[in-house]
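Below, chain A partners chain B and then partners chain C, in two separate complexes.
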Partner chain A sequence: MANLNVAVIVKLEPDFSEGNVSYNADGTLNRAETKSILGPHSAVASSAAFYAKVRYGASVAVATMGPPIADSALQQAQLLCDADELYLYSDRMFAGADTLATAEVLKTGISKLEGKMDIVFSGHRASDGETGQTGPQTAWKLGFTFLGNVIDYDVDMQNRIVRARRMISLQGFYDVVEEVEAPLPVFIAIDPSYKASFNTVSQRLAFEKYQKEAKERAQNYKQYLKVFNAQQLGVDPKLVGLPGSPTIVYKVERIPKAKASRRAEVVDGTNREQLAKVATRMYEVVGGMVIK
Partner chain B sequence: MMESYDVAIIGGGSAGLAALKQLSNLGKQAILLEAGKQVGTKNISGGILYSKKPKTGRVYNVEDVYGPEFLKDAPVERKITQYMLHSTSRNKVFTMNLTAAHEYQANFGYSVLLNRLNAWFARHAGESAERQGGGIVSGVHVRSLSWQGDKTVVETDELEPFEAKAVIAADGVNSEVAEITGSRPKFTPEQLYQGVKVVVKLPEEIIEQRFGIGPDEGAAHLFAGDVTLNHIGGGFLYTNRDTLSVGAVYHYDSLMDRPAEPYTLVNALLKNPMVAEFVKDEVAIKEEIDKNLPKEEQLRVRFAVSKLIKTWNELRDVWYSPAARKKLVEAGKYKTEEEIKARLDSVQNELANKYHTKFVTDYVELEYSAKLVPDGKRCAMKKPYFKNVLFVGDAAGRGVFIGPRIEGLNVGIDDAVRAANAVARAIDRNNFGPQYMGEYYSQLIEESPYTRDMKEIDKDYVKIFLDAARDVPKDIIGQRYGMVFRLMSSGTLRGLAVGFANILGYDKLLPLVESEDTYVQVPVELAEKMGRPIQATYEPTLPTVAQRVARLKYDDDRISHIKVLDSKSQFMKKMVTLCPTSCYSMEGGDVTLQHEACIECGTCAKETEWRHPRGEKGVIYQYG
Partner chain C sequence: MKKYQHLYVIIEHEDGKPVPVSLEMLGEARRLMDGYNKKYSADEKVVAVVLGHDVRRLCEELIFYGADAVIYADSPELRYARNLIDTKVISRIATSKELAAKFSDASEFVRPRYMFFAADSIGRHLSSTVLAELESGLASDINKLVIEDLEIKHEHKTKGQPMKYERTLEMYRPDFSGFLWTTILCLDNRNPAIERDYHPQACSIIPGVFAPIERDSTRRGPIVDYVPKFDECDLRVKIINRKIVKSTVDFDSKKAIVSFGRGIKDSPEENIKLVAELARELEAEVGISLPISKKPFAVSEGTSSTYMIPDRVIGTSGRKVAPLLYVAAGISGAMQHIAGMKEAGFVVAINPDEDSPIKDECDIFIKGRMEDVIPLLLEELRKQKPAIEVKK
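Up next is the complex of A and B:
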């Protein structure tokens, strides 16, 4: 029934939420101690895909590249978007991949999916790498129109057009919302502020129905899961993993703590003269504002 | 293009859900709109759901709507097998066994907590509705209804407007649909009761031991006399599985005459020695932490004690619940049940010896709530419809309220089935006109045995009371009542008297029957002269209203859902006292409202612009 096919690319990331993250003595992340979860931006991307399912009855596939345990990210994503299919691209050969090599694997995987993809979603960036490049690079490799920072979208199913609103931050100035139209297929990197809203009764009913289905499916997520290695995927070994990565991270430095530059002065509250000084100083800082 | 549905049901209480289930059972499409984030978070009931077996006519019971599944796995609390009426005066109590009255024409009566039960109803009704292209939409507050031709446009605060062919209004005693459509005036204090309830925690097997009931049995205790603080009404205590529902229900007009803070009425009940003994439990009291310790150490001790007390509480609940004990052993957490007890004791020892925690006798209150209850005898809608809108349950002012007999949930469910049947018939004929649908529903309601109960005195029911009071010497309960008793004791005379009363009109008799005499003086006299003394072994620590409110969960709305119309009116001045959560206060000569603590009972609705909060907003009950 679905004549809209969407895919989401997600990432298993360390859980940076309070109390869950653990660091080594040298300040680097203790990956063994820190739990891994579906990245927060991947979660937003998944909910954007769920919107396509609720609004347009889209068929949803979720894909990730990672070690075998990355299937837990797929499970969590499925709970969010009621995915029909889950794909894990996992091979030792993929280790050490930078964003470009990762994009190569994801592109190959997405191209292999049944049915032509109409929209591919990704998060804004990962919470551990923070480069925000894997999405755009995958889009470029797929040859899809790339729409970044999307806060809202709709699909004109008849004309096969996406209308999206993008949040553009002009740093230091102000934010603008840009409305764009693009023919399918498109690649959408979803803005962290995206929040799906369902405004009609039928959408709410569909939301309830698919949410319930998602819970059931996620409980048996293995049933929906397909795992591919490099060979099954048919990727060019030169383009993936370490060999396919033009960049490597060779050192991470901590940002030094800024020195505190505050000076405190103790004022005797019973001394009117000193209090007057405080008032004058406050007047200087807040500038002309009347304090009642 | 506006979306269109066959039926819109407004309100996801027991009645609305039954309407949804029944329509789906009949293969019709219906959607239900509920303002709470989830079904069940806004529902409060005194606590007994009956299944009736009337002498004549038929009623639609909960198990008729939900099928045998209901009896098999619905989360009801306990089947009430003991029903007692206590007359109280200070520390004296005179008890009558009214189990026969409770069982009168009943298949069963279960104590219930609506948060869990309505969620179960919602799951079953929702699944059936989905199969017919309908379902439940929660977090949606209906704002208005308007008519375009033969279609009704439903507008909400949250969604795009949509059309419906028929509407079932199940939005409770403070029905906004009734107000929007102008189909009935707001209820007056004479037509209402105010009920206030607290849910008290008590482990399962302690309940069974204390009330002398088996694992599948329950007790209901009613109270009259001095616990009412001279108001017309009474108190109740029902056993749930591992909690008690303790509450007070009062004639609203009696409270208007002599305003009393609602919580003082519950407190009076809790302070009664009999009730105090019923609710008492073992409570851990934290010792003050030594302020001379280093800050980190203080913090560590505080965490350790809180955690231990939590463990102690949880383990204790497990230890006193056979099912929970078994589950823990099966899960492999403990090898034997005795091991649980050993662990419980060791936690208690650690708390007592290491942290000097005291274990005292007190009671544990979990939730405070309030609700208005319509008295069907006085306010049931004569024509419970408006155009294509059918009113059911509380929204239609339909509740059975006769002496200790309080039935609302089952009445609402019966109404809902009748409304659903009328709507289904209208869908088949595609005729939603008031003659074809509304009048037909009105007729079905007229045939309901509950309607008969709201209009007529049932002489067999009277006899049950007389039998229960047979051993009471007639002269000690006042001359007037003594004579009535003697008169009524004879079958023939009773038949005549009741027949005459019914001809005269039930409503004309009510002021005589429902008086301070009946509810206060006579019970006090009974207790004084015939009661047995009961001594409380401790004094319960009663929370303040602020503490009670602090324990409730809310999703705050910045905008108030209530608007005070006249801040100087006599009525509003009384609200300062009568609001169960003390939302009103006097400032200068004006009554001002702070809506944040509102629990949406509607006590102030008569002279305010009263709306339910927007979708998902307002109070979120955990027990109901």
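Up next is the complex of A and C:
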């Protein structure tokens, strides 16, 4: 048995990449026409878990809450992190959950995992909801130390300590890179800029070996998949889904068009004479003088 | 009704200097509470909550900027933000009747009615863990707030029956596209099967959206000291090193910014090169709209890691800028983006669609696709350049 156990929580999200995403005429997302994939931040979290596998031989579990089709997110994550186990928490009772009720399901699921978890990873935020709350709330419910905005990490296996670097942006001041140390277990919300690097020959060999294994496993991902409903998880029905959600979406409206703040002069983009005037104006604005 | 009182604002600062969003939150809290005091009750307050070490002077400033009272937790351990202890201290402060009694009649006090956090690297996570601890609702990235009595009919909250919810905080958040506003409410469950109170009603607030009130050094209010106690377990996260880094993206000292958005889509790599060339010609920095930071287009690794990065995002999810000249190429003008560039001196938009919202936010609207317009514009700029340099 591996002496480092890690888990990743992921999410199936609309695919925002060009050609896949579809917008309505008014600029809003056309959900029916947009396909779903493993969210990009979930993918980064999966690659952070893969680093633990390559470096420390960690055992990796991937978990998600969602409808039955969310198992495709687990498959895509498995391809990235060579997961040993995949978990889907799926029940009609979970529908309509806000971040607190979602965190309750994920916390319950992770607590049930075989072996004590040492590190749980999440992405920075989902691309659709964009709250970034589910990760830290799951961490708090688990009682794990929460480390957010983590740009890289290493584990001191002997002392069971994580060393991580975090990128904190102090608006109005500057950015700060902070090095922190915390005993396991920890919950890491990984920064979008995270990139795993493998520097030694043995790491690269391990990388290739696990990557090959990941491909084979992901082809047969259902063998690794376990699905739990609310009863099997043993969640408290009062704490999940709609009853466990303090917040509701009261209304969704189009943001009213602000009053025009400027009156644009319209210029034909193929008309050189007009563009020449624009160029002159640009130089004037930035303080260069133009000889007329 | 007195179980829930006051609006607690969680202040962020760097060694005693408030980050701008802290004063912006206080400004909006003041405006909301002035209305609330008139409409509902005069004895509820804006309470600033500060964690730190030796920042007594900041507490006074917070009163000048709109707080009625300040609760201040002082310890060397609280000098820099650490999620674990900060969450514990804030949760204790928020549930302390004793502290609330220092500035109000708190005989029935249980928790704050409302709570504000900053939607930034620290506040986003802190708000999440505090509200997980307090087991209440949180809406993130808010840019409009209203307090009203609402009639709610909800399948779970009210079991389908219409019910009146008084003093409800309507929390508006723009969605990722910038075209939709979602209003989030945090409501008690009044369904008899699952009755449960959910307070405080909390949110995180986007930096740069609300205006601070004018500093008034005649304002006075109680400053309440709270001495936190920690055990070893609370202090298990250690900050080993803290290094200030400056972004390589420089929006502040450049006179011009050239930004691009999804309009690069027909030939992303080439169009980004054109934008970069235009920026070089104007000695401008390159900005992007939020969707670009999600890397929606396949481009070379170098282009992607140079340009499609969060550091370059202009708007409510990124930076607010005010250059002399702002060029928006292939940007439709979602509200979030406009909020970041509306202070620019002179705005030129390049866009094929005259109906896009950016047209109402620019001084010159060049109608056309950027791949057609920028090369011609570059030629004109280069023709005129020698004349400028002679004059300089």
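Couple of notes before you dig in:
The rule we apply is simple: the second predicted complex is superposed on the first by the 243 of 292 C-alpha atoms of A that agree within 3 Å, B and C clash if a C-alpha of one lies under 4 Å from a C-alpha of the other, contacts with A are read in each partner's own complex, and residues count from 1 in each chain.
Simple rule for what comes next: contacts are C-beta pairs under 8 Å (C-beta built on N, C-alpha and C of every residue); 3 or more make two chains touch, one makes a residue touch a chain.
This one's a predicted model, so the numbers in the text were calculated from it and none came from an experiment.
By the touch criterion stated above, A:205 is placed in contact with chain B alone, chain C being left untouched. Of the two partner chains placed by superposition, only chain C is touched by A:250; chain B is not. Between chain B and chain C, more residues of chain A are touched by C. Contacts of A:69 after superposition: neither chain B nor chain C is touched. Of the two partner chains, neither chain B nor chain C is touched by A:95. After overlaying the two complexes on the shared chain, residue contacts for A:127 are found with chain C alone; chain B is out of touch. Looking at chain A, you'll find no residue that touches chain B in one structure and chain C in the other. Residues 16-18, 21, 23, 26-29, 40, 96, 98-100, 103, 127-128, 130-133, 135-137, 139-141, 145-149, 163, 167-183, 189, 192-193, 238, 242-243, 245-255, 257-270, 272, 275-276, 278-283, 285-291 of chain A are the ones that touch chain C when the two sit in their complex. Across the interface of their complex, chain A is touched by residues 3, 5, 31, 126, 130, 134-137, 140, 158-160, 162 of chain B.
Within the complex formed with chain A, the chain C residues making contact are 12, 14, 17, 19-21, 80-81, 83-84, 87, 120-122, 124-125, 127-129, 131-133, 135-141, 150, 152, 154-157, 170, 174-187, 189, 191, 194, 196, 198, 207-208, 236-247, 255-256, 262, 265, 268, 282-283, 291, 294-297, 309-310, 324-325, 327, 332, 334-335, 338, 342, 345-350, 352, 354, 357, 359-369, 372-373, 376-377, 380-381, 383-384, 387-388, 390-392.
Against chain B, the residues of chain A that register as touching in their complex are 199-202, 204-205, 208-209.
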